[in-house]
Structure formats: structure tokens, C-alpha cells
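Next come two complexes built around chain A: one with chain B, the other with chain C.
And now, the complex of A and B:
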């Protein structure tokens, strides 16, 4: 692996927030460089060498992206990121099919940009069903099947959850959607490069991908739009008619090349990387569970990506915990909503009680995480939790066998 | 790239400025999501706020008025679609970029005169008949002809009728003075690519009190007006580029462009330069040698290693007649023969001479063919003495 230049700004900190974003792989940056300098043409300039060089680079990148998804390059639409892709998939399919179908199905644990777009569509008169998930974060397929009506245009279910890392049964969902003849969109921002994906085998009609979640640069993403069966959608950004009219705007060859290279590396190294991550994950979890009582892993224990752990620590105070481990860059939920003190809606959807939801940590391992870092991080968390519990009257009561839920707190 | 090429298509894309690249590489080496609350996130959030501040200073707006987008197209779509959804009538000039003209289905077109300037009387009449709230979108400078709109007058008319004004300043920023506050427009579109910053970034400057319905919904970034993890490196590169661009002296470039025009008109007096009688960007020339097809020109120039274009760089490969020139009522002969030459600040006299040389060779070649029949018809049109005046902004 090449030089790790990404962590130089905070050498005293350990980065364990790989679901928020991943470092841009130095190999990716290297590939991007010539497209910042030598090949600066506008890829849509169709009548000179500068434009052709830029266009050729974009097309190679399109192939690389198609490859990791098992798609045809013609089905790849470059966007500015997964948020734009998700917006385009949902609104695009909804508006295009408005005349015949006005129903969309999704789950309560989707990324905020899917939920927000769905809420917007509801205001525009569409019906949206928000399916609950089971306690392990996974979708109940029977519920999905029951929810589909002849008015359903689209089912949108994320591949891997950004907070708890669980993998939804894509193959099965795809089969149901195909059988019922509705389009299947999956937000695969957290999944691409982490689990094997094949849009044809899984019957995925639309798929959103983010570059900066797979060691590529920020500012670029993809919406895969299947051609068999052909998915048609209303574009949300109009103008020059780029990307087969589905998404106007000048593409950045450098960003596309970066994303393409990121996909190539991810595909090539997924196997070894997952082995590495599984090791880290096991080591960390065993150490934590061995040293601390009442730690709860949120989300399914098995059907998950190895690069994520979402843990709740009973009887510690959430903010105190974050303060005590301030040398660890972890989060208590998704990055977008991290400024809010509300407990995660994902954990609440799993039925995690409010107290535990408040003390959850999302720990993300990735390509550049070392065993030493994981070891150190676990030490820090263990000592922080112990210290906080020592100070906590609640912990003391719990130790004495008092069920805290039965206490009738006096109002102030 | 094959041989030493001459690039004269700066309106399509500018090479990335080395200072912007340096900034970007530095930011690319930093990990973190600017929305995260830990130090990795915070560091990047600070970088973005610095960039926002730089751009605000540069254009004399408030930092909070800047909404970063993925480019000019998104910024245009954001402002037009938002107002359309909120019940506004939308008036746009006939020479706008496609990202304005195609952003929504129902818009009214303000015609332009033969020099590409919007008809102010027409605008006034259109506005007088309005009962709905109205948004006017007029670009500061045109991407194909370089023609600069009399925005001050447009804004004065708009104010009288209480209409909002948006201007697409993508091609203008860095080439003519742009001052958001003094100009007193309500919305302004910027594109990073056109000021020598990276592609894939742009901004909409929006007066703070004016509501906007976001185009992209989600994590609530950019004060809820544009969701999505921001392109941090791109934004920082954009800020560096725009600062550098705003400090450049374009006068030498304009002198070069004017010399080029004089030479070409001397070589081929029947050639017509669009918008030549009005103020234009210092670097842009849109010229037409009647009855010589643009694609042929562009191709021949490419074979000689000179990159020019036949209009805007977007969409499909086919060269189709420009809607901008059509709106300027160019006749068929001129419409299909137009090419755009756009200079950069680094363009040299030698490069311009190389361009003229090829022009001359081609003109000689075509002289034997009956293509130059209406020799004297347009001589009257190309009397030109004025120099470049800044846009009275």
C-alpha cells in the first residue's frame, strides 16, 4: 500500500469514521493529477484534441464503474455524489411515472437524503410507505411483498446501512420487485467496494454510488440506470444534455478518473481488504466485550460489513463518552446529522431504547486502519466507559440489581 | 497530447491554475467529512468556510449568501426551478445558456437585438403585464459571443416592477468586474471551471432573506439549501482560482483579440463578428465567414493543432446552429459558419498569428470556389473603432 498521507493533520488522533468518509487513496490522487494539468479540456468539446482526451478519460472511468457493478457502461450516469443520485432516482422515477403510478416504498432506516426526498414527494401528492425494520435492522421481506400495490412505481432500499452496517437482502428484494414488476433502487453508497454487487443478478434497476465512501474524491458519484428493463426518468438538472440527457452539467474528468480508479482498486482488493477488516473487527469487538459488561452491538451480528460496528454502552452518558474519547474520530450517528443531539432515528427504528441510543458509537474501520490503532482505540474506550460508570449513580444502582425502568423520577 | 497545440477555447474550459491545484492537493490529502463534529471534520469545515469567505470578499457578498453547488448548471437550475415551483413567472433572455433555457418548461423569452443585447422596452412591456411575482434571468456575459448585457438598466427596470433578478455570471467573473452588492442582483451563478478552478464546482450567490427550495434534499448542508457532502477540495481550489482571476489584467488579452479581429477582417472583409459594436468580454470572438460551414473550420483548425469551437461545448457531438446567433437574427449563411475563438490570459501573439495564417490559407483556398460572392454586402457592418469598455457594472 502506498504512503499514507491522509492523517498528517491530526497525528494524535485515530480516524475511525470510515462511514462518514474515506481518505482519498494516494493512488487515486496520482491518477487524477494529469487531468488537472495536462488534460484540462472540457469533455463535451467535441471538436478538438483537448476535448477528446478528456472525454476518453471519462469513458474509461465509466467502464471501471460499470465493471464493479456488473453493469453496462452506457448505464452509468455521473453525478455530484450519492445525494444527487438518490434525489434523481427517486424524483426522476416518481415524476416520470406520475400518470400511472404514485406509490413509493422505502424503509425507515434509509439515509436522510432518501427520506427527505420521499417527504418532499409526499408533499407533491405521492404516497410513500416507510417499511419498518426488524430488531436486527434487516427488512422483513414479507412486509415488502405485502406493501407493493399496482400503484407502486419504485422500491428504494439501501444496500448497507450507514450507521449500523447491516446488509439488506438485495437479491431477494430484487427478485420480489421483478416479480411484481416495480423498479428497484438501492442506495449503495456504503456498499460498493465492500460487498460484491451485481446489478443484473440482483435485479437492481437503479443504484446510487458515492466516490468519497470508497477512497475516491468528494464531489462525484454515480447513478446506475438500467436499460433492461429500461428505466426512464425525469431529469432534475437540465441544460447541455450531458449524460444522455439525464444529468446536465460539465463533467470533471479528474473527478471521474478518480472515481474510476477508486472502483478499480476496490474491486481488485475487496477480498484482501475484507479479510483485514474482519480481523480488526473481531479483535476490537472481542476485546470490548471481554472487558466491559452491558455493551450492545446494534444491527445484525452476521449480516453486516466488517468495516462497521455500532455499539451502545449502558449507563454512561453520551456526551460524556464523546468527550472522554475525543482523540478518537468516531461518530454517534451519520455525519450529516451529527450536530443534532437527537438520538439516531436508525437505532430507534431498531427498537433500541432511548438511553442506549444516546450512548451509541459508530466505529468505522477502513483500508488504512491498523491493528495498533484498533488496539489503542479499544483501550481508550474501555477506560473511558469504566471511568464514566464509576462516577455514575445509575451504574451503581444497576449493579445493585435495581431495574432503572421501575424508578419513578421526581419532577423538577 | 500529440504535438504542441494551441488552445483557443478558454470559454469551454480553462486550465487549472497551479495555485488552485496546490490548494486542492493539500485538501485532498486531508481525511474527513466536513459535517462530522470531530477534529477531522472540523478542519475541513473550516477550509470550506475560508473558501466561502474568500469568494464573498472577491465578489462583495456576504459569506452566508454563497451556496456551493456542483457547477453553474446546478446553480442555474436551483434558482430557476425553486422560483418556478414557488409560483413565480420566469423571464429569461433569448441568449441564455441551455442550463437556464432548459431548466424549466414554462418560461418567457425576452428577445435581443442584432448585437445580442436584450430589448429593454420589451422587458418593460413584459413586466408591466405581470400580475404574478416574477424572476428575470439575464446572463452577465454571453458564452458564445462575449456580449455583455446592460445589467444596471435591466435591474433598474426590474426594481420598478418589483421583479427579482438572477444573473448567470459564469463567463463574466474574472474577466470583467463583478460586484454582487453594487450590482444589486438577487441571485448570481458562478462556475469554478471558467475562472481556472476545477470542474465540478460552482456556486449560487443568493440574497439571504430570499427563500430557496433546494434542488437536492438530504443532510441539510449549505444551510439546508443544497444537500450532499461538499466537494471540499474543489471548493478550496475554486476560491483560490477566483481570487487570482479577479486580480488579472485582461487588457493585453483584449488588445490581442482586437488585433486578431482587425487582421481577420482585413484578410476576409466579408467576415462578420457578432456583437462587435457593443461591449464584450475581452477574450471572446465569434466570427462568421458566410457560406463556409463551421464544422469544416473547426476541423481544419484541429488538424493544424488549434482548438476552437463552433459554439458552446455542451451536449451531443453534432454542431447545430446556435440559438444565440439565431436570436441575434443572423441569416442562415452566417449562422452555419460561425466559430468561437476564446483567448486566455496566457495566449501569445505568436499563437494569434498562427491562427491568422491558417485563416489566410483557407481563405485563399476558398477564393476559387464561389463562396465569397456577397463581398461588399457586409463591409458596412464591420466599421469598428471603439475599444473595450468595462461593463459599467
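And now, the complex of A and C:
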């Protein structure tokens, strides 16, 4: 049976939103299919061949996931995705250790599911420190070191930021946490398969990953829970005691197999894929910067994954820009669609000017992006930005040398 | 978000984009909104014998903001200042079928008309006083 290749639903569109989700690799889908019909058994059925077949498949997948993390398969807990993994890591460690420790450290640029979980824990009486980041989006290690107290149970810092693609210094953070004897959790949803990871070398105690960010199916993820040193946590789901009692519920062998295969492919092809993505990234950025003035790259220029570009196009509002490039599937840094009118909290945390934060696009390249697509996308963006700047009163004022900061704007 | 055909039409074929010379006595300029809020509208009217004979706009904002300002440049033309001031945000929102989260765009467009008319009237006052 052959599986349809990617993007046949909207052939006129170019998908550049790989941080939101990735399509399943057809090779992944091929591996999954038999587990819906032929090998449909419950992997937790210990009494017959159907269960054993399903269990064997799940265990192969567990090995494949462990492999890409440099972990032991016993340390891999399957979940429904990174949101659940992050919840389990934070709440699980917090609750288990609450008798002695009640402090958690994270950063202001984490994904909402980490921040929201931290807010919840604050309501439950835990103390949370939200560390700022530097202008380039990276953590100041000194600030981390200073924030750790004897009450700190857990440090949770994402590996790669979902909006701006910067890579946090995991090795250094891990070393600090080990030295201070606190657990280190990292949300690696955007990192697995994109950058080399090794939980042992990096002293990572807990790691969350999501299958659909690395060309696997949606609805499955993993929490790596280290055994040396042993991390103990309070489960958030009660039931049959699956996954070493940390996450009850029947596993989906098809989803686990898909994630496992996705990890296998990612590990095998990470090198060539990153070369491809770096080429696309450079081509795109050079073309944009050559054709347009006042385009700013958000986040560190070097410490970043090549599959992400977060750009501010001064004096052009992001949502309007997205409408003008409607055949490109990208994401806007301005959250104007939400009623808050607030621009991205990640860009604000970087100290990006509020006006500029409204002008941002997140452009994501991936495994199936071609140079032709990137070329076409850059053309479309360049002409849209030019057109919208011609319509922008801010651009006009800037061209006339008026400093926009001197204007007494009436905020609405 | 699904936009109405009218929004898309005004966004893709905006009417009356551009600028008049702001210092002209017969021109009134309204600049409303703020970059930090993600919306800035500049609406200019050219007035002759109490009638708005022409209008121009430039807008920094989302599709709904651009469509709202494009629409009001069409609507104010040929109107007296008083009639222009009668254009209500609800009418703009209704005409464009703005989604609820975009109602503020129509309010901004109404504000822009008011600001442009006021600027024109202030200028006229000053010129009578011999200040201009």
C-alpha cells in the first residue's frame, strides 16, 4: 500500500509553519497502518498473542525514542503529547517533593503549557521564578544560578523556542542543575530531531517531546524520566498503572510505532536535513534582506535552528501581512486575532519594541520544503511588504524622517 | 479567521490610498491609533464649500483595519462635514461584516473621520484669526 505524499490538499499553497506542526512522513504512516487493523491488540494484554504483538511493537518504538535521546528505554513514558508531558513533569515533580521543596524556576519565554502549569502550581501554593531572557532570547546562566535556592525542586527550561527558534545552552544549564542538586526538565518539543540531544551528557532529568513536531502522528508524545539520578513523580492520571505507574491508560500501538519510526528517521537524517534547512534559511534571509530595508531577525542569529525565522517587517502589521500573502501558511507574531491586542509575549520578553512586535512573521521550513517554494515565498513576501508599506502611515512618516517615538499616540 | 468578501475586496483593492499635503488649508488630517496597539489610521479629507470632495488614507493594521479605512474614504466623499460625522462605527462594521474581535477597527475608522474633520475645522478657525 502506498501512502499519499505531502500537501496534495492545497497544491496552490506553500506550507511554512513547521513549528506549528509537521506532516506525517509517509514512511511513518506505512509503519503505523498494520497496527490499526491487523495487529490491533491491547499492548497491556498479557495473556495472548494479540497483546504480545502490540507490546513488542510498542517496545521497539520505546527503544527508538530512547535512542534519539541517549536514554534507556525504561526511562521513556508515552503520553498524549508535549502538553501532557510538561504537565506531568512539572506537577509530578512539584507534588512529589512538596514536603521538602516548593520552588520551581522557569523562563518567561516558555510555551503556554509550561507557563500555565506554573500559574496553576502558584495557585496551589508553590513559588515560581520566571527568569527573563536576554535580547537574543537566550537565558543568562548567572541569573539561573542565582535563582536556585535550597527550596528549588525543579528547573524547567525549553530546549528550542517555538516562536523564535533559539537554542538554550542545555549542557550548561544541566551542569548548573546537577551541581546545585535540582532536577532539570526541558521542553524539547521543537528540538528533538532538529538538534543533537543526549540526556546523560546534558544532565537532563526530564524531557518532553511531541511526535507531530518531528513528522510523526499527532496525539502522542513522551516524557523522559531519568533513573540516574532517579526522578520520582506523582502521577496525574490514575488507572491501570501503565508506564511504570506514571501514566495510566492504554497506549496506542499505532501512534507509538509512528513516533518511534519518526525518531529513527530523524536520527538517521538529521545531518542531511539540517544542511538542507540551512541552505533554505540562508537563501531566504539573504533574499529578503537584500530586497527590503528594516527587516529584523528576532532571536540569536547563530544559536538557532535553521528551520525557523522570526522576522519583523517594520511598519507593516503582521496580520495584515498574513492576509496579503494568503497562499503562504505562516504564523504571525502579533496576536491581534485574540481580543487582547497584545503582541507576542516572547517578542516582548526579548525587549522588541511593541510597535515592531506587531510586525512579525514566523516562517518555518521543514523536511518537505523545496528551494523553489522558498524562492516563491520570498517573492510573495517582498512584494506584499512593499505594497503594504506604500499604504502604511508609519512607513511614510519614517521615510520623512519623523521619529515615531516622539508622537503622542492615543492608545486604544 | 474567515473574512467577508467585502473586507477582502477593500483589502486587495484599497480605494483612495495616498496622502494630501497636510499643510493645505482645505485638507483635514486625522491620525488615530497607536503602533503599539497594532493599528494606525491616517485619514485625510479635502473640503470645498463645506463638502468633502476627496479623501485619502494610509493604514498600518490588519485586513479589517485597512478595509474599514478604505471604505470610509468612499463614504465621506460628497458629504458635508456634518453628514460625515454621522457615519457610525456600527454601520461600517455591519457593511463589512467585521468579526466581533475586529469591531475596534470600525471604531478607529469613525475616530479617524472625527479627527480629520476637527483638524480641518481647527485650521479654518486659525486662518480666520489670521494665525495661518
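Operating definition for what follows: the second predicted complex is superposed on the first by the 395 of 412 C-alpha atoms of A that agree within 3 Å, B and C clash if a C-alpha of one lies under 4 Å from a C-alpha of the other, contacts with A are read in each partner's own complex, and residues count from 1 in each chain.
Throughout what follows, a residue touches a chain if its C-beta (ideal position, glycine included) is under 8 Å from a C-beta of that chain, and two chains touch if they have at least 3 such contacts.
Being a predicted model, the structure only gives us computed values, none of them experimental.
Shared-chain residue A:237: touches chain B; no touch with chain C.
In the superposed model, A:343 lies in contact with chain C only, and not with chain B.
Looking at the superposed arrangement, the partner reaching more residues of chain A, out of chain B and chain C, is B. In the superposed model, A:249 lies in contact with chain B only, and not with chain C.
Once the two complexes are overlaid on the shared chain, A:358 sits against chain C while remaining clear of chain B.
In the superposition on chain A, A:183 makes contact with neither chain B nor chain C.
Shared-chain residue A:84: touches chain B; no touch with chain C. Overlap of the chain B and chain C interfaces on chain A comprises residues 334, 336-339. Those residues of chain B lying in contact with chain A across their complex are 1-2, 5, 7, 9, 12-16, 21, 24-25, 28-33, 35-41, 43, 69-74, 76-77, 81, 97-100, 102-104, 191, 193, 198-201, 215-221, 227-234, 295, 298-299, 301-302, 305-310, 312-317, 319.
By the touch criterion stated above, chain C contacts chain A in their complex at residues 1, 3, 11, 14, 17, 19, 31-42, 58-63, 65-66, 101, 104, 107-108, 111. The residues of chain A lying in touch with chain C in their complex are 315-320, 323-324, 334, 336-339, 341, 343, 354-355, 358, 390-396, 404, 409-412.
Against chain B, the residues of chain A that register as touching in their complex are 5-10, 13, 15, 17, 20-24, 29, 36-42, 44-51, 53-54, 79-84, 86-87, 111-114, 116-117, 119-120, 210, 212, 217-220, 236-242, 248-255, 326, 328-331, 334-339.
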